Structures are given as C-alpha cells and as structure tokens.
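When the chains are written out, they are named A, B, C and D in that same order, and each has its own residue count from 1.
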Amino acid sequence: MSLGIVVVSHVPEIAAGVQRLLAQVAKDVSITIAGGTDDDQVGTSMAKITEAFDANTADELLAFYDLGSAKMNLEMAIEMSTKPVHLYDTALVESAYTAASLLQADVPLADVEAQLAPLKIK
Amino acid sequence: MSLGIVVVSHVPEIAAGVQRLLAQVAKDVSITIAGGTDDDQVGTSMAKITEAFDANTADELLAFYDLGSAKMNLEMAIEMSTKPVHLYDTALVESAYTAASLLQADVPLADVEAQLAPLKIK
Amino acid sequence: MLTVENTTAWLNQFAAQIEQHQSYLSELDTPIGDGDHGGNMARGLAAVKTALATQPADLTKLFQATAMALISKVGGASGPLYGTAFLEMAKQSKTDTDLGTLLAAALAGIEKRGGATTGDKTLIDVWAPVVAAVQAGKLTQTVIDDAVASTKPMVAKKGRASYLGERSAGHLDPGAVSSGYLFTTLLATEGIL
Amino acid sequence: MLTVENTTAWLNQFAAQIEQHQSYLSELDTPIGDGDHGGNMARGLAAVKTALATQPADLTKLFQATAMALISKVGGASGPLYGTAFLEMAKQSKTDTDLGTLLAAALAGIEKRGGATTGDKTLIDVWAPVVAAVQAGKLTQTVIDDAVASTKPMVAKKGRASYLGERSAGHLDPGAVSSGYLFTTLLATEGIL
C-alpha cells in the first residue's frame, strides 16, 4: 500500500511552494496539490482537490490544508473519492513536511500519525 | 506604534502565497516577505530577511518562519535590526493569517500574542 | 407545496437578491472575513440560474443541479455549506416533499459539513430558527430578520471571523445575511409555504 | 599560533576538502535531509576563498570576512552556524589569539545559534570533543574521526534530520562530516596547533 500526500491551500502559490519544499526531501513520494479556486483566485475548489486525489499515484493519501473552508471542500472530495484519504487538522507546511520526510523513509502510517499528533492546531 | 508582519519561508512561492492570503484580510497591515535563497532556490537568506525588515513600513514587526534554519537566519537579522522584531515558533501559514486578521482590527500586541500561543508547534 | 415551478421561481428570486446585494455582502465580509462573500454567492447563484434554465425534470434533479452549481462555482466556505444543504434536500426529496423536512435535512447537512452549531455566528444562526418556524408553520419576515440580527453581538467560533476572537462581535455575519435573502424570497414565493 | 598566513592556508585547505567531497556531503544529507549540504558548503567556501584572496589585514578581519561569506552564500542551516562560529572567533581574536579559546567561543556561538547540544546529532558532536582536545593540547586525527563516527547511531534532535525522529539513526550527520574536514585540515596545517 503506497502512501501519498495531497496539499490543499487557498492560494495556488502556497500549494506549489509546499510541493517544492516537500519534493526536495521526498523524491519517491507522490505529492499532488490543489491551490486556489478554479480560476486561481484565493479560495478552494472541490474539483481541483478531486483532481489532486486522482493525479496522485499512491493508493492511500494523507491530506493537509490551510484554513477551514479548504477542509469542507476536502471532506466533500473525500466522500466522493474511491481512495482512502486521511485528513489532518495540523499546521499545513510543517506537518506536510514532516509527513513527506517520514514517508520517504518508508515509515508506516501509524508512526507518521504519531509524529503529526503534536502539530494539531485546528 | 504600528505593527507589521514578516513572513520567512524556504520557498519563494510559499512566502509570496502567504502574503497574498494575508493581504486579502489585512489591507492596511504592512506585510513583507523573504522567500528562498538569494538566487531563489530552496533555503533562506539573511540578506532577504533584512530587506523584508527594511521594506516593512511598520515600526515593530511580527516574524513567522517555516523550518528551523529560517529561524537561525531570522535571529541573525534580528540582532542586526534597529526595529524591534518578535519571532514566533508557531505554524507558519495559520499563525501569520491569525496575526494579520487581528492587526487589521487594531488588536494590541499582547492580545495578538495570546491568540498565537496555542499555535506554537516548534 | 414544493414544485419544480415554484422552487425555480424561489431560487431565481434568491439569485436576484444576491446579485442586487452583492457589494453589501462583501462589505459585511470585510471587517470579519476576506471580503468576498458577495462575489462568491453571485458567482454561485449565476451558475444556479443557468442550471435552472435547463428546466430540471423533477425536484430532486433541480436541487442536485443547484447543489452542484454552488459547490463548483462559489470558491469559499459558503460553497460547500449551501451546496451540502441543497444536496441533502435533493436526497430527502426522493421520499418526501414536505418543506420543513427538507430544510431540516439541509440544516443537519450544514452542521455536519462545517462543524458549527447555533451561536457560532454563522448562517446556522439563521437556518436553525427559520427551519423550526417552517416546521411549526410560523415563518414570518420577523423571524428571519431577528435571526439575521441575532448574529451581530455574537463572537464567531467558526470560519474566518473566528480568527478575530472577541473582535468579531459587533458585526452581522455575511452568511447569515445571505441566508436571510434565501428565506425572505422563500416567504415571498407564492404557494410554497 | 594562529597567524593570517596559516589561518588562510587552513581555510583554503578546508575549502579544497569541501570541494573534493561535495557530492559525498550531499549524499549524506539525502536520507536524513534535503541533499544540499555539499552544494551549500561548496558555495560558501568558494566565497570564503575569494574573500581570503584579498589578503585580510589581520586575524579579526580574516574571520569576519570568512563569516560574512558563509552567512551570505550558504543558504542552509550550516550558513548561520558556521558563520556564527567564525563571527565569534573574529570577536574573540580582538583580545586573544589562543586557538582553544577562539574555538570555545565559536562552539558557544553555534550552540546559542541553533539551540542544539551534544548528542543532538549535529556538527556540535564534532566541535565539542575537538574543542576540548585542542584546549587540552591533545587533538589527533582519531579524536576527529571518532567524533564524526559518533553521530551515526544518534537520533537527531535538531535540524531537518529531527523530522525523521528514530529513523535518523544509522546515518552520519552531514554537518559533522564537514566539520570533520575543518578540523582535519586544521591538524594538517603547519604551525597552528
């Protein structure tokens, strides 16, 4: 069961930037993103999130988001997704980075989640 | 005494994206950024941080960062800065957003810091 | 009783109200949010109008199309919230056409989607008393107006306004105001209630 | 005794070692970091070489120029850390030219800058035993090699490797290895120790 990461942000640049930060330490982890609305304004898009789920080559996903309304769109996308997706109420950049480092080292999901727990802030 | 925000990230896109997110809710708050190394690679630059301090039109600054090495460069820049700069070990995107919302509403520093406290994760 | 015709009329009127009050809604969203609620809702309701113009065959399809338009076009928190509301009404309408029952399902969906409850200074503070009034057969403009006004002194616990903590008090909640338009136009539509 | 001449020779040799082992350092930084330590240090030491070529007038200026080159060119955690080390040596060199005293000041600066301590799997695990050995007049290649090797089983508590928790064990710390080169070239430079 391979694990991948999905980053959802209200801003396209933040999502792209987090992907860049993570890619450096997790070359073998599939990291896909959904940033901004469909027309790249500040906001989130369920369609973009669904695309990020589909584009991710892993078969089980860890999802991170910035603000609350991203969470709502994420949850709607999760309800429609065929892949299992785990959603974390943790600090976006820091927890996505932590997860990426650990997944690159083939750390199992339970251990990753244990390291994410102290980063819960939402 | 006006308060401003400085965002320091390892990635230029993250810094620019956070600025965009904050600008939407804090039109009257000076928000400056330092993202990436001098040649826009992943990393941080003391020179860019110093420029972000100088470019900020406020006379007292709240600084937020992503990973530990950004903190070291921030601290070096703070030691050389003439403006007072407060450094927070809090979730980058979420705490910068919180601070921006509150500063826009003219909330005094002590109250802003009280709301930032639960976001400490580093 | 809800029909495709009167529901279409209702939602088109709601869209007209949103369009008319677009800048007011965004102004309300400025001190305690990001100033886009009017734009978000106007974009969403324009898509709803387009969907309704295709004349959905039944109420379920009508609510589904409305939900999809809102979910895909709004871009802010109000998208999944209003979207979920209409999605729940679509589901419920397969077995039921009682407006009170449909709205109660919608409210439950909103609460589940956003994790907010009465008193959190969100659109729920309009939906909850209005749904109760509809179920009791007692919806009036006063019920709606009072519900909208009740959000002013509240301290936000959910959404962007919650980042302001105590400072969110003293402002109407933008989502509550837009929901006020939804129910005002419902009340004004002949034959539904 | 430290002079401008032998210190210049030392740091140029250090730069040469970094250049030679650049890809090895980045390889070490790959499983427990972001794979850039070799590139970071090579960029920094190239700037140091350029600064040294201008022949600083005294030791204080030499250490200052070295610090500034590292601080401004490295781009990673090692920049402020090595930079602070040389900045502290610059300060200390105004009143003192004892190598042990200078290095002790540098180590204190590194500890303050990064908040790490012995056993955290950082370059401090090389600096601490080496500085003690220099002060005791007992620095040998074995002291250096053992210090570098000691970082392998450690669990990182600071820096990017710390995100890996337990999984950081079993790898040499890249900063420890580059510091090993610093002290190996110190040992090899005639007349300093």
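What we mean here is this: a contact is a pair of C-beta atoms (placed from the backbone, for glycine too) under 8 Å apart; a residue touches a chain by one contact, two chains touch by 3 or more.
Only a predicted model underlies this, so the values are computations on that prediction, with no experimental measurement involved.
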- prompt: Where is the C-beta contact count highest, in terms of which two chains?
  reply: A-B
Field: Whole-Å gap separating chain B and chain C, where each centre is the average of the chain's CA atoms
entry: 37
Query: Distance-wise, how many Å sit between the C-alpha centres of chain A and chain B, to the nearest whole number?
result: 24
Distance from the mean Cα position of chain D to that of chain C, given in whole angstrom: 62
Query: Mind pulling the chain D residues that touch 2 or more other chains?
result: 34, 36, 160
- prompt: In chain B, which residues are in touch with two or more of the other chains?
  reply: 24, 42, 67, 97
Field: Graph class of chain-chain contacts, one of line, ring, star, complete, other
entry: other
Query: Which two-chain combinations touch?
result: A-B, A-C, A-D, B-C, B-D
- request: Using the touch rule from the top, collect the residues of chain A that touch chain C in their complex.
  value: 37-38, 41-47, 67-69, 72-73, 75-76
Query: Which positions of chain A touch chain B when the two form their complex?
result: 9-18, 20-21, 24, 35, 42, 66-67, 91-94, 97, 118-119, 121-122
Task: Could you pull out which chain D residues touch chain B in their complex?
output: 34, 36, 40, 71-72, 75-77, 79-81, 83-84, 113-114, 158-160
Query: chain D touches which residues of chain A in the complex?
result: 24-25, 97-98, 101-102, 105, 107, 115
Message: Quick check on the complex: what are the chain C residues that touch chain B?
response: 31, 33-36, 160, 163-165, 167
